[in-house]
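We just call them A, B, C, D and E in the order they show up, numbering each chain from 1.
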Amino acid sequence: MLEKLKTWARVKSPWILHFNSGACNGCDIETLASLMPHYDLERFGILLKATPRHADVLVCTGPVTRQTARRLKRIYDQMPEPKFVVAVGACACSGGAFRGCYNVLEGIDKVVPVSAYIPGCPVRPEALIDGVAKLLGSLQTKSA
Amino acid sequence: MEVVKPLLYILVFPGFLFQFVFSTYLEWMDRKFYARMQNRRGPLYTGFRGVLQPVADILKLFFKEDIVPARADRFMFSLMPILGLAAVVTAGLYLPVWLFTPYNSFEGDLIVVLYLLSLPSLVLFLAGWFSVSPYSLIGATRVLTQLFAYEVPFFLALLTPAVVAGSWQIQKIAVYPWTSGSWWVIGIQLLAFLVALLTLQAKLERVPFDIPEAETEVVGGPLTEYSGKKLAMFRIQKDILMLVGSAFIAALFFGGFPGGLWIGGLWLLVKTSIVVFLLSVIRASFARIRIDQIVTFSWKYLAPASLVQLLVVLILKGNGVL
Amino acid sequence: MEESVFRLPVGPQHPFLKEPAKFDFDIQGEEIVGARMNFGYNHRGIEKGCEARNYYQAMYLLERVCGICSHSHTTAFVQAVEEIMKLEVPKRGLYLRMVDCELERLHSHLLWLGVAAHEVGFDSLFMLVWRDRELVMDILEKISGNRVNYAINTIGGVRRDITDAQRKEILGIMKTLKQRLDYYAKIGTHEPSFVGRIKGVGTLSAERAAEMCAVGPFARASNVATDVRKDDPYACYAEMDFKLITSDLCDILGRVIVRVYEMIESCTIIEQLLETMPEGEIALAKVSRRVPEGAAVSRYEAPRGEDVHFVRSNGTDKPERVRVRAPTLANLEAATESVIGAYVADIPIAIASIDPCFSCTDRMAIVLRDRKRGTRVTTWEELRRRGIEWYGKNKGIRF
Amino acid sequence: MTDDYESRVREAFPDSTVTAGAKGRLWVTLTPEQLIPAVGTLWERFALRQLAVIVGEDLRDAFQANYVFTGERVIILQVRMDHDKPEVPSLVGRIPGAAVYEREMKDLLGIVPVGHPDLRRQAIPEDWPEGVYPLRKDVQIPRPEEKAAQEGA
Amino acid sequence: MLKAGIFIPELLGNLGHAPATREYPFVKTPVPPGFRGTPRLRPGLCVGCKACMRDCTAEAIEIVQVPPDPNAPPPEPGTKNVGKKFKMILYLDRCVHCARCADVCPKDAIYLDEEYEMANFTRDALRLEME
C-alpha cells in the first residue's frame, strides 16, 4: 500500500532539472518549448526546477564536453535519491553529429547512468513527452 | 477528554489536517488559474483535473532522500522547517472558520496572528543562513530586506478593519459587518484591502515580489539546499501560509460567516478562493521587481496608502458615521 | 578592500543560462563590483571535426554549432564554399534561403523576448510569446521537415521548394504575427514592472559599443547602425526594402524595442520575398564534391549579429580549415562591462540582453575588475596616460 | 577589375601580394614583422578598425594567421610563419579584442602571440595535455571507447 | 507612457477561451508532410554502394551484405542470380535526421518516415536492423 502510494506520488510529480552538457541548444529550446502552452508539461505535474536538490529527473542534452563532464557528475551526485537521467537528443545518446570531435565524450552514459534515451535531433517536444511518459510508465510497472 | 479535544483541534480541525487539505486545494486552484491565464492547462491528470497534484508533490518529497549539505549547521538546518510549519499551523488555529468561536480566541489575538505570520519569513531567513551556500545566503538577506519593506504596510492595512470594528479580536472584526448591519464598510476599506493583498503577495514571495526565490537570479533562494522531507515541510508551510493569509484577509475585509455551518463554510471557500484568484492574477501580470524597487514601492506607495486609509476610517469613526 | 566582497559563482549550470558557461561575480551587498567569465564548457572541437568530414557532413555538423541560428551557420558556410567554387546559385534558391533566414530571425527574437521576460520573472509574457513562436516553428517545420535543424541549405542552393499553398499560409501567418508583435511592443514598453526592470539597466553608450566592436541588435540598440544585410549585402538583400532599426536608449529597453521592431521588418521582408519570388530552379543540378583550392571569408547577419566564417579548401572533398566567429563572442566583452555597477538581480537580464549563446562562442575568459565605481575613472585615466589611445578606455579589463 | 580602393591598398602594401577575391575582398600577405605596421596602416589610411576574427591555420609546411578586418571593405592580412617558429606579435596593445582570438590560436594551434599579457587556457580543458594542439594537422586524438554492447553485433 | 495592469485584459481574456495546449500524447499531433523522421531502407532497391555510409553526418548507417541463406533453394539453373542482398543497420541513437542519406542514395533506397517517438531504455534497443 505504502509502496503503491510512493510510486503514485513519484509518477505524478516528476520534477526535472535541465542540464546542457555542450548541446547545440536545439534540444534545450525544445525542452523549454515543451513547457510552453502548446505542450504544457505541467499537465503531468512536471515542473522545471532550478536546483539539483529539488529535482527527480535530470534531463540532459549535449554530447558531454570534457569540461562539463565533471559538472555533470557533481550535479548528478547532488540530486537526492531516487533519481533518473534522461538523455535527450542524438548527442546526449551517443555524440550524434559531434562524434569524432576531440573534445566530446560522446554520450552521457559515459559519465552517469542513463534511464532513458530519447533520440532525435532535436527531439520534438512530443518525442520528449513520449520519452518521459515511457520512463514513468516503466516506473509504474516495475513497482507493480 | 480534556487532552483529546485540544489535540483534535491542533491535528485535525481547524488544525493541521484541515489546513493541509484546504491549502493543497488552494495551491491547485492557484496553479490552475495561473496556467489558464497563460493559455495552458496546468495540472490535469493527477486526480480529478489535477486536484491532487500538490498532494502528490508533497508526498513524493517525503519519500525522497533527505540531504543535509556538509557545510550546513545540521541542527538549525533541520529545525527550521518544523518551526516554520508550527508557526503557520498555530496561526491557522485562530482562523475563524465557521460560526463557532475558535478554540482559543481572545481579545488581541489579531496581534498574535500577525506575529505568527511574520515568523515564516524569519524562519526562511535562518534556513537560508544556516545552509551556507552563496545562493541561499543571498536569498536569506533578501528575505530580511523584503520583510522590512512589506511588514509595516501589512500591519497598517490590517489595522483598518480592526479600527472599524473597534476590536482586536479577529472573531469580532469578522462578524462586525453582519452584527452592526453596516455592510457598506466593506466598500470603504478597499484601499486597505488592496494594500493587504499586495503585501500578502510579498509575504508569500510570489511574483512580483519573489525576489528571495528568484529562480533566474539566486536559483532556489534560501531553499536551494533543501531536499526531501524538509523541502516538503517548507512547501506545506507555504501553502498553509497562503491559506491562512488569504483566509484572514477575506475574514477581516469581507466579513465573517452568515448563515450557519454549510453556507458559512461555502462562504469561507468562496471568499478565500476570490483572494487566491486575485493573488494569481497579480502573479501572472507583473514582472519581478528588484529589491530596491520593492523597498521604495512599499514606503512610497503602500505605507502612505494604508495610512490614508486608516485616516479616513478614523475620521469617519470620529464623526460617528461608523 | 573596504567592504567584504563576496563571490557569487554563476554556472555552468544555472537557471538563467540555457547553456553552460561560468561567471564569477564579485558583489558587495547587492551591487556587482567585478565580473569574470569562463567559457569553454561548450567547446566541442567542431572546427577540427569539420576537417575530418566532407563538405556535406561538415555543413550538417556546422548546423549543429547551435540550434538557434542553425540556418545562419550553414548559410555562412555554404556561401563561403560557393564563393570558392564560384557557383552562381539560382535566384529562387537564394530567395528561399532568405525566407528561412528571416523566419529564423523571427523565431530567435521571439525566443529571446520570452527568455528576457522570464529572466525578470515575467512568466506570463514568456509563455505567451513562446506560444506565438510556435506559429513560426510550425512554418519552419512545414517547409523544412524539422523544427530546429532545418537542413535546408545545400551547396549550390536549397534542398526544398515551397508550394503555393505553403506560400499563402505563410503570408497569412505573417499577418497574425505582425498584430501580435505590435501588441508585444506595447506590453514591452508600457508594463510598469517590466519596464522598471529593464529601463536604464545594462547601459552601453553608442561610443563604447562602436569601440568594442559590438554587433547585431545589441549594437543597434546602442544606436550603432550596423547590419551586414545593409553593409555588405549577401544573397538578394540588396533588392529588399527594409529598415534598419536602431534605438538611442542604449539599455535593455532599447534592445527589446530593436528586436521587436526588427521582427516586424522581418515579416515585411518575408512578405516581399514570397510575393516576388522568381520561378525556376532551386539549386544547381550538378555540383562537384571536390572543392578547388582556395579560401573565402563569408559574412552573414545572424539574429544576434554578424557571423563570420572562414573556409579554406585544399582541392579534396574535405575542408582544410573552417573557422567560425559567432556574434556573441563579439558582444560578450561589452556585456560584461555593462553589468558592473548593476544589482545582482540585474545579472540575468543584462547578460541575457545580448542574447548570449555559448555554443559557438565558448572560448573566452574575461576578467573585469574594479572595486568601486569611482575607481573606474582613475584606471581609465591611468591607462590613457600610458598612451594606449582609443582602446585605453577599456578601464581595467584584463584578458 | 581594379578599382580605386584596391589600388590604394596595393600602394599601401608595396612589399606584399594583394589578391582580390570575390565581393571585393582583399587578401594581403605579410611577414610577422610587418604585421603591426600593417595594422597601423589599415587603421590610419583606411579607417579599418574592426577586427572580426583571427584565423590560425596549419598549412603543414608553415603556419598562417589570417586577420580579418571588416569595415567599408573586407581586408584579410595573411601572416605566414615558419613551422618551427610559430610566433606572431600580439595585437593586444592596439586592439584589446584581439586577445581572445590570439589566446585561442595559442590553445588550438600553438601559435604564440608574442607580448600577449595573459596566455592561460581558454578553449581547451585544464587537464588537456601540455603541448598538444588539437587543430594541428599531425595531431590525432583518440576517440573514447564506444560502449561494448554497442559494438556487439 | 506606463500603464499599470496593461497585461491583465489579455490574461483574463485567456480564461475565457480554450487553452492552446495540444492533447498530446492522447491525441497524436500529425507531422507535416516531408517531416524528417527515422531513416528506413527499402532493401530490394539497395545496391550496396555505401554512398549513404560515406556521407552520413553521424556515422549512423552501416550497410552490410546479408550472407546468402544456406537453406534457400539454389538458383535455378539458367536464371541469373538475383544478386546480393544488403541490410542496413541504423544506429538511431546517432542519427541526426539530416536526410543526407536519402539525398545521396542513387537508387532511392532510403527514405525518412514520420516516426519520431523512438524513446527507449537502452541504446541497444535503438539499433535498428532493416533487411
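By our rule, contacts are C-beta pairs under 8 Å (C-beta built on N, C-alpha and C of every residue); 3 or more make two chains touch, one makes a residue touch a chain.
Since we're looking at a predicted model, the values are computed, not measured.
Chemist: For the chain pair with the highest number of C-beta contact pairs, give its two chain identifiers.
Modeler: Comparing chain pairs, contacts are most numerous for A-C.
Chemist: Counting only C-alpha atoms to place each centre, which chain is farthest from subunit B?
Modeler: Taking each chain's C-alpha mean as its centre, the farthest from subunit B is D.
Chemist: Of the other chains, whose C-alpha centre is the longest way from the centre of subunit A?
Modeler: D
Chemist: At what distance in angstrom does the C-alpha mean of subunit C lie from that of subunit A?
Modeler: One centre to the other, that is 27 Å.
Chemist: How many angstrom lie between the centres of subunit C and subunit E, each centre taken as the mean Cα position?
Modeler: Distance between chain centres, rounded to whole Å: 31 Å.
Chemist: Need the CA-centroid distance for the pair subunit A / subunit D, whole Å please.
Modeler: Each chain's C-alpha centroid was found; their separation is 40 Å.
Chemist: Which positions in subunit E touch two or more other chains at once?
Modeler: Those would be 7, 11, 19-21, 57, 91, 96-98, 122-123.
Chemist: Mind pulling the residue numbers of subunit D that touch at least two other chains?
Modeler: 124-125, 134, 141, 147, in rising order.
Chemist: Could you tell me which residues belong to subunit A and also touch two or more other chains?
Modeler: Within subunit A, the residues that touch at least two other chains are 36-38, 40, 43, 50, 65, 67, 96-97, 99-100, 102-103, 107, 109, 121, 124.
Chemist: Please give the residue numbers of subunit C that touch subunit E in the complex, ascending.
Modeler: 53-54, 56-57, 60-61, 63-64, 124-125, 128, 131, 134, 138, 141-142, 144-146, 149, 151, 154, 159-160, 183, 186-187, 189-192, 195
Chemist: Can you tell me which positions in subunit E touch subunit B when the two form their complex?
Modeler: By the definition above, subunit E touches subunit B via 5, 7-8, 11-12, 14-15, 19-21.
Chemist: Spell out the residues on subunit C that touch subunit D in their complex, using ranges where they run on.
Modeler: Contact set of subunit C toward subunit D: 39-40, 43, 45, 47-48, 83, 86, 212-213, 232, 295-297, 299, 306, 308, 310, 312, 320-321, 323, 325, 329-330, 333, 362-365, 388, 391, 394, 397-399.
Chemist: For a test of understanding, state which residues of subunit E touch subunit A in their complex under the given definition.
Modeler: Those in contact with subunit A are residues 19-22, 24-25, 29, 57-59, 91-98, 116-123, 126.
Chemist: In the complex formed with subunit C, which residues of subunit D make contact?
Modeler: Of all residues in subunit D, those touching subunit C are 21-23, 25, 27, 49-53, 55, 57-58, 66, 68, 70, 74, 76, 92-97, 99-100, 103-104, 108, 117-118, 120-125, 134-135, 141.
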